[in-house]
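So that we are looking at the same thing, I have put the structure below in structure tokens.
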Amino acid sequence: MNDHLTPDYGRAERIGIEEAIFCGGKTIEQVGFLLDEAARLGHALLLTRLSPETLNGLSAAHRGDIDYEPLSRTGFFGEVAAPTKPARVAIVSAGTSDAGVALEVERTLGYAGHATAGFHDVGVAGLWRLMERIQTIKSFAVVVVVAGMDAALVGVVGGLVPGVVIAVPTSVGYGAARGGETALAAALSSCAPGVAVVNIDNGYGAGCAALRILNHIPDDARAPKER
Amino acid sequence: MNDHLTPDYGRAERIGIEEAIFCGGKTIEQVGFLLDEAARLGHALLLTRLSPETLNGLSAAHRGDIDYEPLSRTGFFGEVAAPTKPARVAIVSAGTSDAGVALEVERTLGYAGHATAGFHDVGVAGLWRLMERIQTIKSFAVVVVVAGMDAALVGVVGGLVPGVVIAVPTSVGYGAARGGETALAAALSSCAPGVAVVNIDNGYGAGCAALRILNHIPDDARAPKER
Amino acid sequence: MNDHLTPDYGRAERIGIEEAIFCGGKTIEQVGFLLDEAARLGHALLLTRLSPETLNGLSAAHRGDIDYEPLSRTGFFGEVAAPTKPARVAIVSAGTSDAGVALEVERTLGYAGHATAGFHDVGVAGLWRLMERIQTIKSFAVVVVVAGMDAALVGVVGGLVPGVVIAVPTSVGYGAARGGETALAAALSSCAPGVAVVNIDNGYGAGCAALRILNHIPDDARAPKER
Amino acid sequence: MNDHLTPDYGRAERIGIEEAIFCGGKTIEQVGFLLDEAARLGHALLLTRLSPETLNGLSAAHRGDIDYEPLSRTGFFGEVAAPTKPARVAIVSAGTSDAGVALEVERTLGYAGHATAGFHDVGVAGLWRLMERIQTIKSFAVVVVVAGMDAALVGVVGGLVPGVVIAVPTSVGYGAARGGETALAAALSSCAPGVAVVNIDNGYGAGCAALRILNHIPDDARAPKER
Amino acid sequence: MNDHLTPDYGRAERIGIEEAIFCGGKTIEQVGFLLDEAARLGHALLLTRLSPETLNGLSAAHRGDIDYEPLSRTGFFGEVAAPTKPARVAIVSAGTSDAGVALEVERTLGYAGHATAGFHDVGVAGLWRLMERIQTIKSFAVVVVVAGMDAALVGVVGGLVPGVVIAVPTSVGYGAARGGETALAAALSSCAPGVAVVNIDNGYGAGCAALRILNHIPDDARAPKER
Amino acid sequence: MNDHLTPDYGRAERIGIEEAIFCGGKTIEQVGFLLDEAARLGHALLLTRLSPETLNGLSAAHRGDIDYEPLSRTGFFGEVAAPTKPARVAIVSAGTSDAGVALEVERTLGYAGHATAGFHDVGVAGLWRLMERIQTIKSFAVVVVVAGMDAALVGVVGGLVPGVVIAVPTSVGYGAARGGETALAAALSSCAPGVAVVNIDNGYGAGCAALRILNHIPDDARAPKER
Amino acid sequence: MNDHLTPDYGRAERIGIEEAIFCGGKTIEQVGFLLDEAARLGHALLLTRLSPETLNGLSAAHRGDIDYEPLSRTGFFGEVAAPTKPARVAIVSAGTSDAGVALEVERTLGYAGHATAGFHDVGVAGLWRLMERIQTIKSFAVVVVVAGMDAALVGVVGGLVPGVVIAVPTSVGYGAARGGETALAAALSSCAPGVAVVNIDNGYGAGCAALRILNHIPDDARAPKER
Amino acid sequence: MNDHLTPDYGRAERIGIEEAIFCGGKTIEQVGFLLDEAARLGHALLLTRLSPETLNGLSAAHRGDIDYEPLSRTGFFGEVAAPTKPARVAIVSAGTSDAGVALEVERTLGYAGHATAGFHDVGVAGLWRLMERIQTIKSFAVVVVVAGMDAALVGVVGGLVPGVVIAVPTSVGYGAARGGETALAAALSSCAPGVAVVNIDNGYGAGCAALRILNHIPDDARAPKER
């Protein structure tokens, strides 16, 4: 059934974002086939939502070519250079359980050659944790905010920083958190002006949105002065 | 059809909260009948959700006996003494459009003889507005937080103050704010520990919850030192 | 990735509630790291949503330091003194399946040194079970009501007791109970005035809300006369 | 367009319930046409959801033939005899705002010749109001419970009476009451066994369900001893 | 924690329905404790939602005292006599996957001594299957309709039979069937007058509703003439 | 702002369906501008969701060129020939309140030159009304079923006719009918195989779906033999 | 309990679609019983939602008679001839993860003797993939579009092709994709006129809808000229 | 009650976006008070969701100072200079009914001194309309996509342009469009990578998100070469 698989390798040229493989809905065979193709064509690939089960089901050769990060469930297939450009993106996350999504943002940008700066476990319930770091965060051109539950961090950061704010609601929480729906709706309803939102747990999407911006701003835009 | 109306005048003795009349779902005739009864028995009454239309439909005599506040749509029927006890409750609200609900809290407590202190238009999108007042707010035994949209103010205040925190989500906002459902779910999902929540726009309910607490704490509990 | 973990040990001083660890969304490694830190600093910790799987994955040393209660899935890490203050909180629950949540309330308060009194399996379908105990329940300053399905117990208790009423809807039930959403909405819609509500299954949150109140009332406030 | 109208006059013979006209979604012309037809055939009709606007838009002749009750918005068209059978149905309602729906039940049964006994404004927030009447209510073969908001009355009555219990959730309430959805879900989730439920505000449907039962039980089944 | 368990053995006397044990949310220990108590008191018990896992976890002695039916997951504990009264209830179900729920209705009534008549796999997509049996079905005093997906069978049967109609929506279906929510809403929205509805998959509830009716009608009410 | 208006007059050639104007979200000025353009180009137009208010707001000249049908709120602008092709589409509707939507189907097809045959007020609550006509309905190549509430008619017709079945759920009903959402979900969940569904109240869409089919079948396909 | 199983073998004659067995909600025993019956009567059967677990649980004899396709989880039981009629149906799918549903459409039509033409992995995010094939797709009489997430492919194809368009939303996606609900709602809301929709993941239903059309059009209707 | 109003005039300095007044939830008196304050301080203001009713209720002096645009319901209060910077933002909208929201984006950016380029009525149902303009659209640094119903335009544009893509779902549509919820969910679920989304109908928010980006990119970034 591999005639169902048509990678869009021309995407980078068209919109500035490399093809990536979302492994979530794919069988081990489908992922293996795509890696074979990429290897044959000499393409590197970013793999997202790559579960340990799928990873372990791949051939030893493929596994050996994958740089895997388990918390974000991402893999780099093939040669991926370390970031060389300075960090213009801050990743700000609310709680420990948001770490996987925050790392997906970091890895998506890292795969594209961009360093990032992380500010984690700074949820508003202990506001001092954010306030201690806010001056640094304000110096970044792009600020990705990762938060679940009530996503209150989005509104607070959005009202304090001049950078482009991209919110990633996460599925962290239970009951009225409704698997991330509350964080999503809260981020969209924030009265901090000009906050843009991506899908629940969509660290990859936030990374790509950041990429679209980085492709249009100078390399030294609002670089952090300190940390 | 007035055999459908059975006021619970024994409530104050039973649970410490006076009977009030929710006018929202009642006809002008039903409200008029209840006022007649209360006048006959010498009872004062708190009237909530009293629309200008219903108010104007009442007899001139009844209208003359009502101290009406239009933004909260509340009325005091009969003799209601001014508050004599010191303010132990802070009412903190996020935006201009939350004023009606915040006033309903104030009026509910005022009707029961309790002064309150208001801190309004301090939503987190302009965090400095809250931070300038937070030391004072921290001195109150009970803090009622009134907020719509993403209700981020609830989590921020809940993480900063030691008092009892009662959140009133409001129906302010549009689209993903879903008529207050997002503020409600966000308030319930806040990771600030020990925040208690009442129904959307339910300023009366928040006032009553505060009353239950005030009935159990000393008159001078955590009185504000300044304002 | 443990730079993602920043416990808020200053919380007790700030708002009167000790830091606790929600283990639900954390890996065994993350929980272990936090216990190491706490042990190093000499802190005790309340652990919530601690599954048997996570517990068993911890080191034997850590397991030995944890007083675990399986129905509530809570653990006390380190030295926790038995409650010394008299019970000012009643915990009233509707059915057998609500026991785990009711115990989470009890354990949260017990960890903070407060005794509680339990009244269980008193759902309104057999109203005599509640009525036999209601006089005692009325004597408590704080009444936590734990109920799933239609949460009718909330409205009935709220109309009968003068104490502060905190409702914890539970995810007990099926079909139209919608995993606790119906109990939550019903508790919020109760016409008993002044009922405050926390998230679905959030026994910890109800305990913390009770703590905020206990911190403001005298130790002998409305102590139970009998049981 | 009156070829769209095909009354089911054979229904009474088929299932024991007379045809009725739901006026809610119909134009004045359509209602008028149906009355003309009924008059021509010598049929009486029960009209439900008949708004004052539609009523006033009908011809004076038609208006003269309608016995209209405004709170329930029901009309009897043509000759309708007064009930002659003893009351075997109790109608129990929670609050003043439920009166219209409760009256729709009463009128539906009255149109079919059955007396009913009403017990109104007995919501559980003031439980004494129900308890004073419960012995009488227990003597009826069928008990229709009309309640909005959290519909807690349904579970309480369902656990106390041996009669057939039919719950009518109403759209009374705001916010989390969600236009009757919460009352509906709560009634369905009640743990009182054997409670049957009809649609929100569907007093007519509850009356018809009662009719199906009355058609199968003796005229003197569980008649009320007192009131 | 068995102080959380308080069976309501007085229920039969109060409302005419014996106590039953819903095993769904209970641990094996809790179920075992309740069986011990029942055995000690000489009570028989109806067990519902009894999974094979829980059954197998019970002691051999308890297992030996249970008459288990796996499709409905019901058990009779102790001596339960075979039905002696004639069948006054028809159980009509739409598809094969509804069989478990239909059997739960049958077992609930059988436990109480009532025979039933089953008409299965008669969904409206093959209307002839219903039409061949409808004359017989019309002869029953009570008709329980069990259907998932669009629950169209409810409206069709409700329009054809004069008996009391109780609908049990089931969770059969996928996608827009939404786990039974669509069947539930469709049953409530049926325009066949006087259909009463219980919770999704609630065969036990439908059986109890039927019991409340059977307790009020003669033993020979509308007995089936044929089958 | 009329640069916002770009009619797609090439549509008929591209997909076989003429451009139509949905007037629902447009101002009177916008509709007037589009009519001017159409008149200038000599195009006829089908106008849908044309409210009386918008119609009356148009110029007298425009009004004179519109053949308006009020129940469906449709207008033919310009010269529209009467249908000449035989009826290959049956329109089957459940209740009186569905008439407007059923007429929108009829008008959409009539505008395109196709006759239709209507079978109205045949909802399943009175199944005889459908059964009397079903042999005729079975003879049509396309059967459009228009139904609100539980949309049970869709499943019944879908199981009986060999023609292409297109379901139009309508917003008829209240409470659990949820403005047509229940009818929509029920139609999608029907177990009659091969039923295709369009949006709530979307008579125009059903007409267009029928058009796509009529464009591919012979003019005499399954013509009705009788009526 | 096999009296619950009544296959509708007369369906093909009645509506032109053979009986099929949905194995999703059935036990292995029930499926086995139905295969025994079909074998005894000499019927072939289409089996849908046949999981590997159920397949492996069947007897070796039955397994040997089943032509199983794992991605679509369909089986042909008994003799099924290869398609002989030319392909009049195009199956267009958006992404790799939609392949299983697309194959269910193909298998449903193949079982009935119809060839199909597949156009896969042509989602609109890489529009060139669709545009390269659109001229061929336009030549088919029926176009089935299979898409998850935002289902944007439905609107794009619907605006480009003159054939009958049947949309199958799939449960592909996460977060705001809500298990296919967003794709379903988007397909229903598409402004391309005349798109008909089936349930989420319902490849079988789309195949049946196509069958109803194929039964009414000539064998050579709009055959593809190229591919 | 004007102590509830605290404009955040320091916002521009803090985050680069001027204070604006959302008039939607405010009384005429509140808006008038804010205009008085702004006039006194010499501030200009952007007014959003300013209904004609509120506008007409203002004093003649205030009305004279407002440059009002009715379709977007926006007003410029005080001196606002015409844009001087070249257009770096494209506004792409799907249908006529989206014009008001598209204009709100344009006005928000215009108020801040930025020109924009509009591409309207280019929904995907007539894909040629978009394709004719796509080369020009691709040259902009920021592309705001405004679309209701299925919001398919978002995914198509997102896959074609390299600029930053901000989607504004609108409440255009009916039935399954659910007041913009479907467009919102579809935009969030788009598989075009890196699309960022704002709240339903939130043209102001999209404008502000664009502003945050424009503040970080060169004035000549990807200027359009033609139009």
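A, B, C, D, E, F, G and H are the chain letters, set down in written order, and residue numbers restart from 1 in every chain.
As a convention for this text, contacts are C-beta pairs under 8 Å (C-beta built on N, C-alpha and C of every residue); 3 or more make two chains touch, one makes a residue touch a chain.
These numbers were taken from a predicted model, which means no experiment stands behind them.
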- Query: When every step has to jump to a touching chain, what is the lowest number of steps that links chain B to chain G?
  - Reply: 2
- Message: Centre to centre, using CA atoms, which chain is the farthest one from chain E?
- Response: H
- Item | Pair joined by more contacting C-beta pairs (D-F or G-H) | G-H
- Among the listed pairs B-C, D-F or C-D, choose the one whose interface is a repeat of A-B, with over half of the contact pairs the same by residue number. C-D
- Any idea how many Å lie between the Cα centroids of chain D and chain H? 50
- Distance from the mean Cα position of chain E to that of chain B, given in whole angstrom: 46
- Distance from the CA centroid of chain D to that of chain E, rounded to the nearest Å? 27
- Rounded to the nearest Å, the gap between Cα centres of chain F and chain H is 36
- Task: Mind pulling the residue numbers of chain C that touch at least two other chains?
- Result: 95, 125-126, 159-160, 175-177, 184, 188-189, 193, 199-200
- Item | Chain pairs in mutual contact under the definition given at the outset | A-B, A-C, A-G, A-H, B-C, B-D, B-H, C-D, C-E, D-E, D-F, E-F, E-G, F-G, F-H, G-H
- Within their complex, chain B touches chain C through residues 14-17, 20, 141, 158-166, 184, 188-189, 193-200, 202, 204-205, 207-213, 215-218, 221-222
- The chain C residues in contact with chain D across the complex are 94-95, 123-127, 149-152, 154-156, 158-160, 173, 175-178, 181-193
- Of all residues in chain E, which touch chain C in the complex? 1, 3-6, 8, 10-11, 24-27, 30, 171, 180, 184, 199-202
- Query: For the complex, which residues does chain B have touching chain H?
  - Reply: 71, 93, 95-97, 99, 102-103, 118, 120-122, 125-126, 128-129, 172, 174-177
